[in-house]
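Consider the two complexes below, in which chain A is the common component and chain B and chain C are the respective partners.
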Partner chain A sequence: MLMKEGRSKALAAVLMIAPFVITYRTVFAYPVYKMFALSFTDAPLIGEGRWVGFDNYAKLLNQKLFFTSVWNTGYFVVLTVVPNTLIGLGLALMVVRLKGWLQSLVLVLFFLPYILPVSVVTQIWEWVLDQQFGIAQYLIEFFTGRRISVFRDPIWAMPMVALVTIWWTNGFNLLLFIAGLRNIPADYYEAATLDGATRWQCFQRITWPLIWPVTALVLTLQLILQLKIFDQVYLMTEGGPFNSTYVLLQLVYREAFRLNHGGLGSAVAVFLFLIIVTVSVLQYQLLRVRGR
Partner chain B sequence: MSGIKLTGVSKSFGAVKVIHDVDIEIQQGEFAVFVGPSGCGKSTLLRMIAGLEETTGGQIRIDTEDVTRREASKRGVAMVFQSYALYPHLSVFDNMAFSLSIARRPKAEIDAKVRAAADILRLGDYLSHKPSQLSGGQRQRVAIGRAIVREPRVFLFDEPLSNLDAELRVKMRMEIARLHRQIGATMIYVTHDQVEAMTLADKIVVLKAGVVQQVGEPLELYRNPDNMFVAGFIGSPGMNFLKARVMSAAAGRLVVELEDAPGVPFDVPGTAGVPLGKGIFLGVRPEHIALGEREGSVPLKATAEFIEELGGTGYLHALTATGAEMTVECRGEERPHPKQAIRLSLDPKEMFAFSERGERLR
Partner chain C sequence: MQRKTIGNILLLALTLCVACMWAFPIYWAVVTSIKPEHEVVTKTTFIPDVFNFSAYYFALFETNLAAWYVNSLITSIGVTIIVILISVMCAYALSQIVFPGRRLLYGIILASFMVPSQALVVSQFVLMYRFGLINSWGGIILPQLIIPVVVIVYKQFFDSVPKELREAAKLDGCGDFQILFRLYLPLNWGITTALAIITYIMAWNAFLWPFLVTNSEDMMTVTVGITQVDDAFGVKYARDMAVAILAAMPVALAYLLFQKRVTQALMLSSGIKG
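Let's turn to the complex of A and B:
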């Protein structure tokens, strides 16, 4: 009797977790396994290939574009992750001081870009930054003395892609920070005010340490997201000019979908996958330890 | 001398006035308690003294200095919050040292002051703990310690015991009383619990809807309340109120008759000039009502409802013929049964007369 009940409980448990297990296996575990497997073959985009051992990895190490992509991806991460986080925190500190409907309105305005599709975002910014009639050119001209076709200039292209990315994704970080800031009781600030703390001291000694778990989370999410940069680059610069915005995911796309090198494309993907896993786990652990 | 004087202090939120022309004087070293029901403005008044809430009108003086418009940190007050407001990421030591460390005091001085405060509060063993590792009572002590370290002119307590369980509350109450004796500073304490007010205060300020009802020593408020609100609020359980009619009045005494006991006139202290035949309220405390009939007392018939049994004493809740609710303190063995018809004796010497509007008739 007892065994029968135990068996039916186990069956119910299996049935309940089955949808997750099947989905996870089909859309995550199997493709990841396949990616690793393909990276050791000379497979084209579709179909199986022959086992070639570490040949694809060796090929990558002899390819200049691979190193350019690694460098550019790193550059993009540096340009976006920390600035995006700090801007999000800075804006949140300002927005959280607003009261009632005004706070909601400002929050909506900042969040609005985040719900736009990437193609719309890039189109907006191509207009804003257009060399002929872009409104931002007045600013560029003011500082540099000339109009610049930013997406065709190897120095300007990547920072501009970063700028667009920050504009696009900052609303989400802002939202996370607002939630974090609202969790800090007003009493803490009142007690500090009575103790004579200045606004900066309040930030330094109360807000910053107490918002740190959210900051660590935002930094990690940003790192993962920005390492996977592809859409904005593909739509705005296609990796150019002179490969100055060529990134790892674009190399995967080029090898696999343009040159029909499924195996080599997978090798780049494996490389990116390992970077993301290592860096994000490492970063999160480091940040967590610091926050203790 | 760190006395506090409030003169005509008022506070409005937009068109809503929440504190009405408050005048209070608290002497140096006095333990003053602001007491009143929720929403009476007692916490707001405390926060105005602290400087956390802007004062709309009037003047607040500490040590004869006008601090009405002065920044909170420059008033020389320290506050213990209801939530304790301890920083969860800092140790007990750092929490207590917070004010000194932001003022960049020398390390040796910080260390000495924090340890001295920790000794007073018996927190010496917990200085390296985080607030989350402490019990409610210990957290409360840390919050007090943080105030002591600042050596303020005035200590402000905003319902500091309301997050503790009943047993701990009594214990902490004693600790706060001991602390007051030990350091002798001026303290203002806000609570809605009149027992806390009675046991701690040198001076009680009773507030209702932002208006001071009465200021005085605990026993003075108990023995000589200015109005029905104070009479009902101070004392536990609260005073009983019965409707009565004035039959005649002379030389500071009123001859009255209870609605529940017609034909039994008796006299109570009260102002002459109250219109004859007019309705008034008579207040009598549960401890001044006896079960059964007594010589020289006013007899009253009632029906027993239920008893709150405390062991040594019990509180009998009863209903009179007109439906007035009565609470009677029963000492000794005798306890009526529910629904039993009983006779009560009210001591006329211990009765208070109030006008229909609740003002005391003296």
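Let's turn to the complex of A and C:
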């Protein structure tokens, strides 16, 4: 009887995990292994290659575009991560003060961009920033005295891609910050106000220290997300002008899918993979230490 | 006291101002899409005086949008259903059944959090090619099926269901599948809707993978397809905006209808209980 129950239990467990585990093995674990394996061969995108050891990695170190991509990815991360986090906090501070339907309405206005597909976001901004007819050119002309084709200007391109990215992804940060702010007990503020604290003092002494765990979470999530930049850059600038917005994932795309260098493309992918896994491990440690 | 009220009103005004500016590009896209094409560049009007739907007519009948819609609907609903099904079963087993390798499996799933799927595109493409799934719904769906966080969230919720429920059901002669689908899943219906909606939105919005795995225009999803429109017809902003708005409609509606669920799912997946 006991044996039978044990066996049927095991059978149920196997049947239940099998679909996930098989899918996982096939489309997730195997590609991770294959990515590493391919990076040591000279394989084209489709077809067999020969083992070449670390040749692909050596090639990367001799490729100017690789360093350009690393640099640009880093530049993009700098332009987005901290500003996006601070803007999220700022907007959250504004939204939590509101009440009822007004809060819901304002929240929708801020959050809606996050829900849009990336290609819709880039289409909208290409129109808004169009050199001849774009509505934002009034602003640009006001500040610089001329109209600028922002995605064709090596100085403007990356900051503008970053701006669009912040507009697109900020809603998520905003949500996390609102949840964090709501967890701060209201009596703290009441007590502080009774003691005559100003708004700035309240923020400095109560809000900022208590919201810091959420800030740290948002910062690390942002870092991981923005390292994987590709879509917006590809759709708005295609890496140009003069490779000034070329990023790592785009180099994977170029080597593997455009130039048919599956092996070299995989080597770039491995590089990106290792960076992101390292950051994630650090994040995990950081958050775990905090949790204790 | 007086100063405080004025301060509050100013802050409120500022908030509303910033919110309107933030949403302005979306508003501007909508306004542009209902202008006649020649007016788009000649008149800067913020409130349309006539409603002209010729851009929508173009988007619906003179582009491939209908086919892209079908592809997007099928693949994103397919992804959603399969992800929820395989994840919920795996989570139930991890949470309720003692079997060898359980902790190892859970550890692997937790660790998969860190793997950026974008780095896997080359090897996934090779795999889909071997399967003969390039330019097919299956090829779009398959690599999107592993979302570790869905398993983890489900497991946490199942862990908190009282053990007596399962034991009582066992005594009544129910098997684990029945317990899962008749008891645990209905009990966690709210979280299932939340996870399903966010999975659907993510799948609809997916760009990189569908972009790589489809090259014939008939097989593209909406998100990829709409980037082809301006290549094919030159720059026509009213049309572009109409196409963009139609492309965003299914996810925008899903969000507006299920706001609370979307928020809840996003919170849970980042580790904050919402």
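Definition applied: the second predicted complex is superposed on the first by the 259 of 292 C-alpha atoms of A that agree within 3 Å, B and C clash if a C-alpha of one lies under 4 Å from a C-alpha of the other, contacts with A are read in each partner's own complex, and residues count from 1 in each chain.
Just so we're on the same page, a contact is a pair of C-beta atoms (placed from the backbone, for glycine too) under 8 Å apart; a residue touches a chain by one contact, two chains touch by 3 or more.
Owing to the predicted nature of the structure, the values given are computational and were not obtained by experimental measurement.
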Chain A as common anchor, with chain B and chain C clashing or fitting: fit
Chain B versus chain C as contact partner of A:Ala58, first or second or both or neither: neither
First (chain B), second (chain C), both or neither touched by A:Arg205: first
Winner by number of chain A residues touched, once chain B and chain C are compared: C
Touching partner for A:Ala191 - first (chain B), second (chain C), both, neither: first
First, second, both or neither for A:Gln123, with chain B first and chain C second: second
Geometry of the superposed three-chain model: angle at chain A (Cα centres of chain B and chain C, steps of 10 degrees): 80
Contacts of A:Leu282 with chain B and chain C, given as first, second, both or neither: neither
Touched partner set for A:Ile46, first chain B, second chain C, both or neither: second
Minimal inter-chain CA distance - chain C and chain B, angstrom: 7
Complex contact set, residues of chain B against chain A: 50-52, 72-74, 77-79, 81, 83, 85, 87-89, 98-99, 102-103, 146, 150
Chain B contact footprint on chain A (complex, rising order): 185, 187-188, 190-198, 201, 205-206, 209-210
Of chain A, residues touching chain C in the complex: 8-10, 12-17, 19-21, 23-24, 26-28, 30-32, 34-35, 38, 45-46, 91, 94-95, 97-98, 104-106, 108-113, 115-120, 123-128, 130, 132-133, 135, 167, 172, 175-176, 179-180, 199, 214, 217, 221, 224, 227-228, 230-231, 235, 249, 252-253, 256-257, 262, 265-266, 269-270, 272-273, 276-277, 280-281, 284, 287
In the complex, chain C residues that touch chain A: 7-8, 11-12, 14-16, 18-20, 22-23, 25-26, 28-29, 32, 40-41, 44, 85-87, 89-90, 92-94, 97-99, 105, 109, 112-127, 129, 142-143, 145-146, 151, 175-177, 180, 201, 204-205, 207-208, 212, 222-224, 226-227, 230, 237, 240-241, 243-245, 247-248, 251-252, 254-256, 259, 262-263, 266-267, 270-272, 274
